[in-house]
Amino acid sequence: MTESEIRDAVREAAKLAKASNPLTPSITNTVTINFVANAQLAVGGSAAMVYLPDEGVSMAKAGAAMYINVGTLFPIYAETLPKTAAVLHEEGKPWVLDPVAIGMGQMRTDLLMTFKDYKPSIIRGNASEIIALAGLWGLEGGTDTSDVRGVDSTDSVRSAAHAAAALAQWTGGAVAVSGEEDLITDGRQIVLSQGGSEMMPCITGTGCSLGGVMAVYAAVADPFIAAITGAAVYNLAGTKAAAHASGTGSFQTAFIDELYIATPDAIAQNPLAVEEV
Amino acid sequence: MTESEIRDAVREAAKLAKASNPLTPSITNTVTINFVANAQLAVGGSAAMVYLPDEGVSMAKAGAAMYINVGTLFPIYAETLPKTAAVLHEEGKPWVLDPVAIGMGQMRTDLLMTFKDYKPSIIRGNASEIIALAGLWGLEGGTDTSDVRGVDSTDSVRSAAHAAAALAQWTGGAVAVSGEEDLITDGRQIVLSQGGSEMMPCITGTGCSLGGVMAVYAAVADPFIAAITGAAVYNLAGTKAAAHASGTGSFQTAFIDELYIATPDAIAQNPLAVEEV
Amino acid sequence: MTESEIRDAVREAAKLAKASNPLTPSITNTVTINFVANAQLAVGGSAAMVYLPDEGVSMAKAGAAMYINVGTLFPIYAETLPKTAAVLHEEGKPWVLDPVAIGMGQMRTDLLMTFKDYKPSIIRGNASEIIALAGLWGLEGGTDTSDVRGVDSTDSVRSAAHAAAALAQWTGGAVAVSGEEDLITDGRQIVLSQGGSEMMPCITGTGCSLGGVMAVYAAVADPFIAAITGAAVYNLAGTKAAAHASGTGSFQTAFIDELYIATPDAIAQNPLAVEEV
């Protein structure tokens, strides 16, 4: 796609999300679950969070798209997540995976391994997580020695480009690497989305809630455009919120405001660059 | 009751909650649990949240009133919720039920069925949830075909009036239907509470936290007055918060501020209309 | 230590936390988990929350310090918490315990009893909780008749001084009693930290998040100084936030802002008084 085609598609996705209020359920961590829901509502989606196996399956069927974040795992997830992801895959429903804290604990590793066959439409993570997931799935660019420290990245966004492309080629969807600039790829093209604020990593949940927002857009656009639209509205809102924040508390409040008032035009015009893989 | 008697009782309930700081524990969902607690504190209550069976029972005994919201069910709730509700019923403690997302999953249906015999003092939900609960309990005005989509309503408040009255007649308490205007009934009279803001459904948890606030008032007033007082302070705070919000982030912040500073007089004067069922 | 030595050490701890971004994982309640994480980030730490046994152990090994809050217990905690605390003790990692709602439910009592041998570096609670913990552990100044009402204190900070000193002498660490003024002791000296705002108990989580912040400082300073630094930055931020808050919603936003912008000098200069036990 040309840059101009991408911008047109982004504008359309932002518009459609507001117009159609897609039901976008999540199974996500308890730390940032409120932020995820409010961010999804701010961009036009309808949020619903669940934990139990039959509820995960029910939401996979009822939702227009779904978000799975493996942040704070509960024991029941050993049953809920594989069942839910299987239904999403069978029904061809778009879904977003956030492999947060990959490498911590056996259940997380087992679950992320299971997801390989259920091919998430969008994978969103920081550079270290994307590299580690490619490694876990035995794909190019991955490594099992990637240093994932808790939930923070120790690798640069660019260093994850090969892993991201390999993951996208495997799933047939898109991969988004979050960082100072965001890298989104469908395995053929790379879009670099710019803006944001250095306060974004100083509040918890900018990454998690971005995954939830990408799921809202995945209900109304293809995975590559959905991921680019999510990154664009986040970078736009981050830039604007930082301009009138006195610290990280008021930044978060302003950030939700900016997500809510961002127009499709402004989202489509947010700085981005297009490259071939 | 006449409108004037209702307004006097609302003023008294708002005053007593601030003066007596009633302990009002909750078992509620993880999405909006923080909002529930902060809203309860803002109107004068003391909040405490639990998950385990013996803790639910202990809180049912220690609390002045209690709030049960079936939002994000955990496996342990199969034991915790029936035991807790049974004690609330036996001890004659006022309690508020929010049947959120009724119809999703077997455990939710089983739990909500169990609650029929434990007669919640106040039931608060959106129109679709109230209609579906009346249907589940085999009461007039209910239907099992009500279209509950995730956590959002697809029915109008007025369309739930018969179901609400039937539920209130069964429990001997009150039922509150949230929507553009709020309908509260004790099975004999209907109060319509007005105000609020179109931003209220654009943040997660205005409904959940309203249930928690009604529980605080139920500790110091009868269920009908408690439900009206909760709806009144929410509509008042929503109207005032919207006047100086730049989006849904600052709206939520301002909304908690307005709950905290609302005076008993202002709450009692919030627009309402009284009708017979 | 003299007052001047204490102030110097506090300044250094505040500086080091910002400079080194220590990984400070938590196992904490779902009500205030987001507030804990954002407060930890605001003072310079890196947050990560877990629930499962092997993840608790993994975080105990990877973290620079850890925070355990027994607020909303899940069934799995019967396994997770003892295993995690054992590793923290074996590895000599500093950790902070918040014995919130001590006395409610059997699991909470059992867990808190287990922690006696794992000697938390800092224990933070309100007066009633500190007195009850000393009683549970059979130490001087404690009582099993202390009236812990839900999560709120019914005892004065001063009345918990003996219990606090006895606990600190047992653990070899520090104990912080939160209230109108905060009392911190290492069993030999007492520091009274002043400031804050009467709005602090009107939002949920000022206590919980203070425990998480003390854990961040415990990664870079000894327990006594870490606890004093945490109390100082909280009292400073509370005082400053109250000056421009319109209610408890904007207070919480401003409070996080003030934590984020507080300088090591301002933290070190916050009012405090030193006494011998």
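Miscellaneous remarks
Every chain is named by a letter (A, B and C) in the order it is written, and numbering of its residues begins at 1.
Here is the rule we go by: a residue touches a chain if its C-beta (ideal position, glycine included) is under 8 Å from a C-beta of that chain, and two chains touch if they have at least 3 such contacts.
Note that this is a predicted model, so its numbers are computed, not measured.
At the interface between chain B and chain C, under half of the residue numbers appear on both sides, which makes the contact a different-residue one. Relative orientation of chain A with respect to chain C corresponds to a rotation of 120°, obtained by superposing CA atoms and rounded to a multiple of 5. Per-chain CA centroids place chain B at a distance of 34 Å from chain C.
Listed for chain C are residues 30, 34, 74, 252-253, each touching two or more other chains. The touching residues of chain C, when paired with chain B in their complex, are 29-32, 34-35, 71-75, 101, 104-108, 149-152, 202-205, 245-250, 252-253.
Chain B contributes residues 23, 25, 30, 33-34, 37-38, 41-42, 46-52, 54-55, 58-59, 62-63, 74, 76, 252-261 to its touches with chain C in the complex.
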